Each structure stands twice: as C-alpha cells, then as structure tokens.
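Next up: some structures, all given as structure tokens.
Two complexes are shown next, each including subunit A; its partner changes from subunit B in the first to subunit C in the second.
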Partner chain A sequence: MFQRRSRFGFLERTIADLAEILDHAETAAQSSGNAGLVQQLDPRVKVCGALVLIVAAVSTTHLWMTGAVFLFSLLLIVLSHLSLRLYFKRTWLGVLFFTGLIALPAIVTTPGLVILQVPLLHWAVSKQGLTTAFRLLARAETAATITMLLILTTQWTHVLKSLRYFYLPLLVVTILSMTQRYLFLLLQLTKNLLDARSSRKVGQWSVSQQRELSASVLSVLMSRSLFLSEEVYLAMQSRGFTGEIHLLDDFSFRWRDWLSVVILITVIALLFLIS
Partner chain B sequence: MSIYDLQNANYRYQEVLALDSVTCAIERGERIAILGANGSGKSTLLRLLDGLYFAQSGSVSFEGRELNEESLQDENFVYEFRKRVGFVFQNPDVQLFNPTVFDELAFGPLQLRWSRKQIIEAVDIMLERMNLMHLKHRVPHRLSGGEKKRVALASVLMLDPEVLLLDEPTAYLDPKSQSQMIDFLVECQHDKTVITATHDLEIVGDIAERCIVFEEGRVAQSGTPSQILGDESLLRRTSLIHEHRHRHGSDVHKHPHLHKFHTHIQGSVSRIRPLTDSPGSP
Partner chain C sequence: MHIPDGYLSPSTCTVMFAGAIPFWYVAIQRLKKVLNARLIPRIALLSALSFVIMMFNVPLPGGTTGHAVGMGILAVLLGPWASMLAISIALAIQALFFGDGGITCFGANCFNMAIAGSLVAYGVYRLISASASLASPRRIVAAALAGYIAINVSAFFASIEFGVQPMLFHHADGSPLYAPYPLYISIPAMMIGHLSFAGIVEAVIAGSLVAYLQKTDIELLRITAPGVSDTEPAIPEAIVINLRPLWLILAALMVLSPLGLLAAGSAWGEWSAEDLKNPEIRKQITIASRNMAPPENPPTGLEMLSSFWTAPMPDYAPSIVKSPQLGYLLSALFGTGVILLLWFLFSWLLERIVSVSLRTPKS
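After this line comes the complex of A and B, so read on.
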C-alpha cells in the first residue's frame, strides 16, 4: 500500500489514489457480505428505501427534517457494522469540499439580513445566504450518505436486479452494468499505465513534464479502455449474457423486510406530518 | 454435415483486412490448431466462430445455420449455441468480471437458467477438477496469471460445451503452468471439437490432429501437424519459426527456432524432432 507523503510527486499520488479507489471497491464488495442489519434486508427494500429517504431529504424545505434523515442513516450505518471513520474519509469530506465550492458564493450573493461583513473584501454574509448554503450541504451529505449505505450493503448485481423489479428498461440496466465494469477496468488500466511510467522515472519531474504525462496517459487510456470494455462485453456475450441479470438466489420477502417497509413508511410519514 | 462451414468469409477492421476469403470446413470432434503469426487473423476467426463478429461478406455457418445478427437474435438458437460453444479468450482479465471465483464459474450456468442446486454442485465439481477449490472465494483479478487462465478455462468448461474455442491458451503462462494447461486441455477435450489459435508450435502435437496455417488473413496451408511442422519454408514464410543464433562457450551456431524442446549436450546440439541443421552447426 502506498503511503501518502508530501515529497511524493503527481505520479505517485495518482497511483496511490487509484489503488485506494480499487481497494474501496473491494471493501464495498466485502462489506455487503457482512452480517449487519441493512445487509440482511431484501435488495428491493434497500433500493426503494434509499430512493424514498433521498427524496425526503432533498425535497423538504425544513433543515431539521434533512437532519433527521441524516441521523436515521447514521443509525443504519452503525447497525450495519460499517466504519464511521471510513465514511468520514471517503464520503463526507469529499462531498463537503465539492458542494462547499458550489455553496460558498450563495453565502455572500443571497440577499437578506446581514449578520457579518467579510473584512477587506466588504462582502456581506446574510442569514438567508448561510441557510441556503447549509441546506445545500446538508442535502448533498445526506444523499451521499444514503447512497454509500446502499453501495456498501448491497452487491451491485443485486442493485441492478432490483431495478429490473421496478420496471427500469433492460437497456438502462445493461448500460449501468457495463458502466460499472468499464469504470473498474479504466481504473485498473490507469494504474497499470502509471505504474509502468513510474518504473521508468528517474529523479523529480517538473510541472510541465507532469502535464505532458497526464495528457499522454489520457489519450492512450481512452482508446485502450474502449477496446478492453468491448472485449469484456464480448466475453460476457460469449457466455450467454443478454443484458438480463440472473442471480443464484432469487429475492424473497421475509418478515424483517416487511417490518423495514413499515418502519420506513412510518418514519417518512411522521417527518412529513410534523413538518 | 460439418459443424462449421466457412465460405469466402471476410472481416475487416476499418482499413485492415483481418480475414480474406476464408473457406474451410470443420468436422464434429475434430481437434484443430489455427497457426499464424501475430495479426494473421487467428483471433478474428475464433470470434466469427463464436458468433461475436459476423462475416462482412461470405458466410460462417454452424450446423448449417448461418451465424449472423438475425440468427443470434433468435432466443432459442442463441440458448443452444451458447450452451454448445465455449470460448476462452487470450487475455483472461477480460473474461473475469465477477466479484469471486465462485461467481465467475456460476455466471454461464446462471445465464442458461440452471437451478441453484445444479449450479452449486457443478461449481464445486469443476473447482475440484481444476484444482481451484482454494480460490473459491478469492477476487479473480487478484490471482496470478496461471490461476486466472485456469479460472477462465473452468468458467467456460462449466457448460460442458461441445465446441471449445481457445485463443492462445498458453499465453502469459510460466513453463509449469503451460504444462498444466496442456494437461487440462488434453484431459477435457475428449468427444469435443477443439479449435485452438496459437503460434506456440510446441503444443500443436498434443492438442491437434489438423493444422490450418494463416497468413495475412488467408489460409496458407492445411494439413496434419507432422506435415505442417515439417514444411520449414512455410513456417519461415509465415513467421512461425526464425533463425535462432546462440553461443556454447566460444562456439556460436544457429538453427531454425521451432519453439520445441531441445537439449545441448557437451558442446554438441541434439534436438527432439529436428528440422534441417544449418551449415556450421556442431
């Protein structure tokens, strides 16, 4: 495993990042087999429940309701034996950074009750602006948390099969299935390319050399990954794949699935009633 | 009726003509080696035989039915065809796309709607047979090259296909894994039609009773392994052998390199199944 140190250059950092993403994909596959609460539910309940929770969290105008859905998700994470540290590192920080970039301008551009003046720049921070930015952040974090919960507790093939139960067209499910394989292949290929470059690297590279490397890697990557993904599809076709997802165990509703549906409906209904 | 019948089959990748008017018939139960240098059209031919590509002109037929987009959309035909024809790709990485070795082996039977019990039993039997039981729950892309090849072969053999298409089965393998792979192939090819694309002449005698040599997308020659391997000018022309120069102490000598096992004893050269010695050879 790569250790991230500041003296490492662009190449090593990128390789470390890719290795981490590949590890992450493996962690997801492993944690979906754990004996936690959500892992044991029928995948259809999980997919449907995730959608309902996300819609509830992002459609409400009440911040406290988004917060309640977030707390409910936290409870499910703990009951599913998933690591909160992992969540913090791989989900919450990333979402905070990217959504923060989008939300930041809203703090000073939204008109309303001024609560703070930014020194030197003389920008006025409004109460409404802060609320808007915070609401956007809360919605994004909650939606990402629920999505990660689904990914970490459900095998991807089960998610796809569940989507077919909700009448998602076969073409869309096939595209989703191939996209996942394509991304995985792309990551592996990128890592191999960078490893090969790294093995021939002598001394420190200048910024312009690093830029040159990025450009060449990107161009090679596109054509190679397209070729490989087509090969994977042919290999799947050769073994009888027609786009339909077939699993060893067909889904079956048990008492805990029904109970989960009831709890979910109750929670959402209560939240909406209160709000 | 021949199991495969190719009539003037052509296939082109944009500017490059990969198969040029290929005409040949393959009989049921035949073991055939498709020989040729890199880029001679071997892999493309296998893809046509597996119904993954379609001839752009001419035809490729399986038991009298032409393989084209229309026939491969007929559900009944596809089901039977996929059950009866298995294809092991050259690069095992493209063939292993499931989360575990178990899932990999179960993939084909699942597509053909085998029952759960049948699949679990068949996977265990195949894992035992291929010495892969210890890898059952491993992630396929983390395996060694030899293990990946064996898993890829096992995943295809799961459906017990009548026709086995193998693209460079010994590529990427170390000598021990190569030998194991040949043993597996010899063991599993009874009563099967086995078509192997390779440029590894060392394995031809073990895996084929007929060879078809390809040169720039065309059939250059067809014959028994001894006829083909004995035709040095053909092998040289099609880049299947080359002049091999090497040193024994202070002596330097050269001979055609057939990729066959040969030994050097006490400064002299003795080869198993030698071709002609070049002048100056000790």
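After this line comes the complex of A and C, so read on.
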C-alpha cells in the first residue's frame, strides 16, 4: 500500500497529467489536418454547429433524442477519420467515471417506483432514479463527444479567430489567443521543472517536502510568467504595436459550408418535430 | 467545481450567462480605460498561470474533485476586474480545448469562479491587509484568507445551482431532469470538500505566492495596495502587549464558569425535541414567548436532525463526572484547550507556509 502510494505520488501524477495534456494538444493538431469531412468545413460553421448540437442534446427531455444527437456525432466522427479508440480512452471513459460517480447515488436517493432492492444494504433502486442517472450520463457523454469533435477537427487558432464573428470584443480575442499560445510554453516549463526534480529524487518524499516543491514550482512559474509578459510587451513595442489590434480574417464560406448548415438545421428541426 | 454540460438546465445556464455579461462588460470597459499595452500580455500570461494552477487536481470525497483556481493570487496581482477576465479566459480554454467544464455551463462556471471568486478575494484581501505595508506578514494572511473564502463562496454558488435543479426541473414521473440532488445534499457535498481541503490548497497557494513576491518583486503588490509603504514600520514598544494579565483573566473566568448553573431553564430558542415534549418546560416556553404556546409536537425536521450528532459532553456535563460544578469547570477547560490548540495549529501552519515560500525556489 505504502509502495503503491509512493510510486504514484504527487510528482509522478502531475508529470503524467502534463504529458497527457501536451499529448492531447499534439493529437488535436494532427487530426485537424486530416482530410475528413468536418475538417473541410469553415470553423464558424463548426463552432456554431457544435453549440447547436450541444444545446439540443442538453435541452431535450427525451432520452432518445439525446441518443440521436450522439449517433449523429458518431457518424461525423467516422466521416472525419477520427479514431474511436482514442475517443473511448480520452472522452467516454473519463466522463463515464466522473459523471457515473456523481450519478450513481441518485439511483437510490431519488424517490419513485421501486424496481429493485440492493441485497444486504436494503436500498431501494427506483425507476426514476435509474432514468435520472442515465439521462445525466447520456447528456454529459453527448456534450463531451461534440466538444471533442470540434477540438479534434479544427485548428485551435481558427476556433479562437472564429469567435470574433460572434461579437466577442477584439481585446478578449487577442488575450485569449495570447493565453493559448503561451499556455503550452508554461505547461512545458512546468513539466521540465518537475522532470528535473524527479530525476534528482532519491528515496521517499514526505508530505511537507511535496508541499514545499509545489510552492516553489508555482513561485518559479509565476516569476517566469511575469518576466515573459514583460518580454512579450517589449516584443510588441519593437514591432510597432500602437494599441491598435488587427486580426487576419481569411475565412470564406463555400458551397459545402452552406450545405452543412442546411443539413444541420434539417436534422435538428426533424428531431424537435418528432419529439 | 467545473460544471459539465448536462448538469444545469438551459434556462439556468441562460440566467447565469445573463448574470455574468454585465460584469464582463464592466471589466472590459475598465480595462479599455486603463489599457496600456503592458497589461495585455500580463493578463494573458497570468491567465495561463491560472490554468496551470487548476491542473493541480486533488480528489475529494463525494465524487467531485478539488483544485485551486488561483483566484486569490490573481485578484492580488491584477485587481478584481482584470482577474475576472483572466480567469474567464482560462475557463474558456479549458471548456473549448480540454472539455473541462461545459460550454453551455460556461456562464455559470465564470460567474462562480471568475466573477464571484475575484470580487470576494479582492474584497477580503483589501479588508484584511488594510494599510499594512507591502512587506507585512499581514498581507500573506490576507491573501491566504482571500483565497480560502473566495473558493468557498464559488463552491457555495455552484452547490446552489446544482441544488435548485431537482426543485425546478423534473419529468412528469417525478424524476429530476438535470443535477439530481436537492440543496440539503448538494450544499454539504460541495462545501465539506472545499471547506476542509480545496480551500486550504487555494489559501496555501495565494499565501505562498504573496510571500514569494514580497521577497522578489514587491512592487507587483502595489497595484492592489495604492499608497502604502514598502517596509514594515518598527513596532513601538508601547504596542507590545503583555499577555500575562489576559491569561490570568482567562483562568479566573474558567474557575467562575459554574456560575452558569445559577441560571434556570433553557435559553430562548435553544429548546431540544425533548424540551418541547416536557409539559413543565412547555409552560416555561409559553411564558417566555409572550403566552404563545409551542406546537403540539416537535417539528419532524428538528426531531430527525437532533439525533444526527450526539455531543461527547451534552449540557456541559461529561457523563463520567457526577458533580455539575466540576463538569462545568472541566468543560470550560476542555473548550478553551481545544480553541487554543486550533489557534496554535493555525499559527504553526502559517509559519510553515511562510518559511516554505521564503526559501529559494528550485528549478
């Protein structure tokens, strides 16, 4: 027990998390360049479409409709040449674990028609409880699937740029893009710091030593962030930044974008009409 | 605390968006007014730092996870308005690119963590630090408490949003349509973890980073402390308090504590379920309540919750002690001892935070 805890301590877990997040970004960058169906669409259509599908999946009271949106997303995943295995590992399993853990007690705490008694514990499982838990899980899985579809099929810079068309202030889009750009630098820096400490680690660390390490790592990160912000400011000035922000708007609507908008509206309208 | 899609109803999400928009609007307007080019990369980089801080995830009981958000340190470094923008941007990147926190719940997540969190953190920090010098240890305590209170306020808002769902949105068969737990479950489920753990993580991070800045770049603390000096003035001798008389007064009060036995009956409003059943005590309650008789039976909620927790020393009388006077005295000693112990523990923790933060960071 003790060995297991020390093998997967704070340091190793954080390094693994950081590696996973960097790997996730790299996978997204690669898959957004694939020649799939959704990758070919205009980012504005994708952002808007994702939002419409998520709202449809979340707002309906019919489980079958959430299921239909999920199946439609599955079809898009296949047509975009995305790996279902990757989806299972990165999205579905994670949501199943997290939401499942939260939804599970609802099976016995929701009052209603009792359909089962848990042996030994004598807890009553109600039909309403089961429906509630399943509905929550279905919605969370569907919404996460659509969000991942957007992320894996669109360059992140394009997602941010397309937000400008939804009347987001230019200042916010600029800060958002800058954050996204430097975030990976900070993540890589954090990983390097922790890797460096991990490679010099001998024996077990006490809890206070781990706390000391997190405090010092965060202090270094804050220092570097502030230093970097000054450097970026100087770089902006040296390039003649006068306070005017300009974005390159190179998106153009093509026939397939119009077609996809029509298909999406038809699918959603049909689902709502049937329901 | 990041609420995923599907947990809140679309109408709740709309209300939360509507609640967040005026704050975002004011924040952007204020930023434009004081905008200098230096502030843009600073907000962006601190937003990225907030993202990294949020990655230090700690599992909590009850199926949720606890993590610091960085609202304490960001409010200290940027002020409330820029801080709410920076945290909102970090949350947007998490929701859009990493699927952490829902897109439809983005307004709610921002309202809880970025808006309420930043405003509370800034308010608490300014209130406690007051006019203390930039190098004062009081600023460390102020930042730590600001982080602790802010993250708990955020968690409380989230628990309310969860808890109202089954009340407002349910199917015809009675099954909840969104988050299934009512307020009496959602509030303790969220708050226990945040009060006991996530709050401490946030406090430690905010306190440590302010202590570190005091050593390395104290000028950064001036943004949220205008017009105060850099160094702590020497404490005049007259202010140093001699604690001996206070200890003597405390000891005397403990010895005199059995005087409480002279007061007859229960304090008004502190009746137990048994008191409400006892005809003699019911008479006393009626007289004390200006002839308004209490209900025939004790309220069911009171009866149910009264058996939830049994105090180890009910009525200030440990079961092993027969004399009520001695019981009172022992209870006073025990209670004072626990308070002093907690205070020493808090001081020791604070000292540890400061000593850890003041060490040279290792890379």
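Operating definition for what follows: the second predicted complex is superposed on the first by the 200 of 275 C-alpha atoms of A that agree within 3 Å, B and C clash if a C-alpha of one lies under 4 Å from a C-alpha of the other, contacts with A are read in each partner's own complex, and residues count from 1 in each chain.
One rule holds for everything that comes next: contacts are C-beta pairs under 8 Å (C-beta built on N, C-alpha and C of every residue); 3 or more make two chains touch, one makes a residue touch a chain.
Here the structure is a predicted model, which means the values were calculated and not measured.
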Subunit B versus subunit C as contact partner of A:Q188, first or second or both or neither: first
Partner chain in contact with A:M236 - subunit B first, subunit C second, else both or neither: both
Partner chain(s) touched by A:Q155 [first = subunit B, second = subunit C, both, neither]: first
Which superposed partner A:Q210 touches (first subunit B, second subunit C, both, neither): neither
Which of subunit B and subunit C A:N34 touches, first, second, both or neither: neither
Contacts of A:P111 with subunit B and subunit C, given as first, second, both or neither: second
Subunit B versus subunit C as contact partner of A:L226, first or second or both or neither: second
Larger contact residue set on subunit A - subunit B or subunit C: C
Subunit C-contacting residues of subunit A that also contact subunit B: 228, 232, 236-237, 241
Interfacial residue positions of subunit C with respect to subunit A in the complex: 4-7, 9-10, 28, 31-32, 35, 37-38, 40-49, 51-53, 55-57, 63-64, 73, 85-86, 89-90, 92-93, 95-99, 102-104, 171, 173-181, 185, 204-205, 208-209, 212-213, 216-217, 220, 352-353, 356-357, 359, 361-363
Contact footprint of subunit B on subunit A as seen in their complex: 26, 29, 155, 181, 188, 228, 231-232, 234-242, 246-249
In the complex with subunit C, residue positions of subunit A that touch it: 14, 17-18, 21, 24-25, 28, 50-51, 54-55, 57-59, 61, 91, 95, 98-99, 101-106, 109-112, 127-129, 131-133, 135-136, 138-140, 142-144, 147-148, 150-151, 156, 159, 169, 171-172, 174-176, 178-180, 182-183, 185-187, 190, 193, 196-197, 208, 211-223, 225-226, 228-230, 232-233, 236-237, 241, 243
Subunit B - residues contacting subunit A, complex: 47, 50, 52, 78-79, 82-83, 86-87, 89, 91, 93-95, 97, 99, 106-108, 110-113, 116, 119-120, 139, 141, 155-156, 159
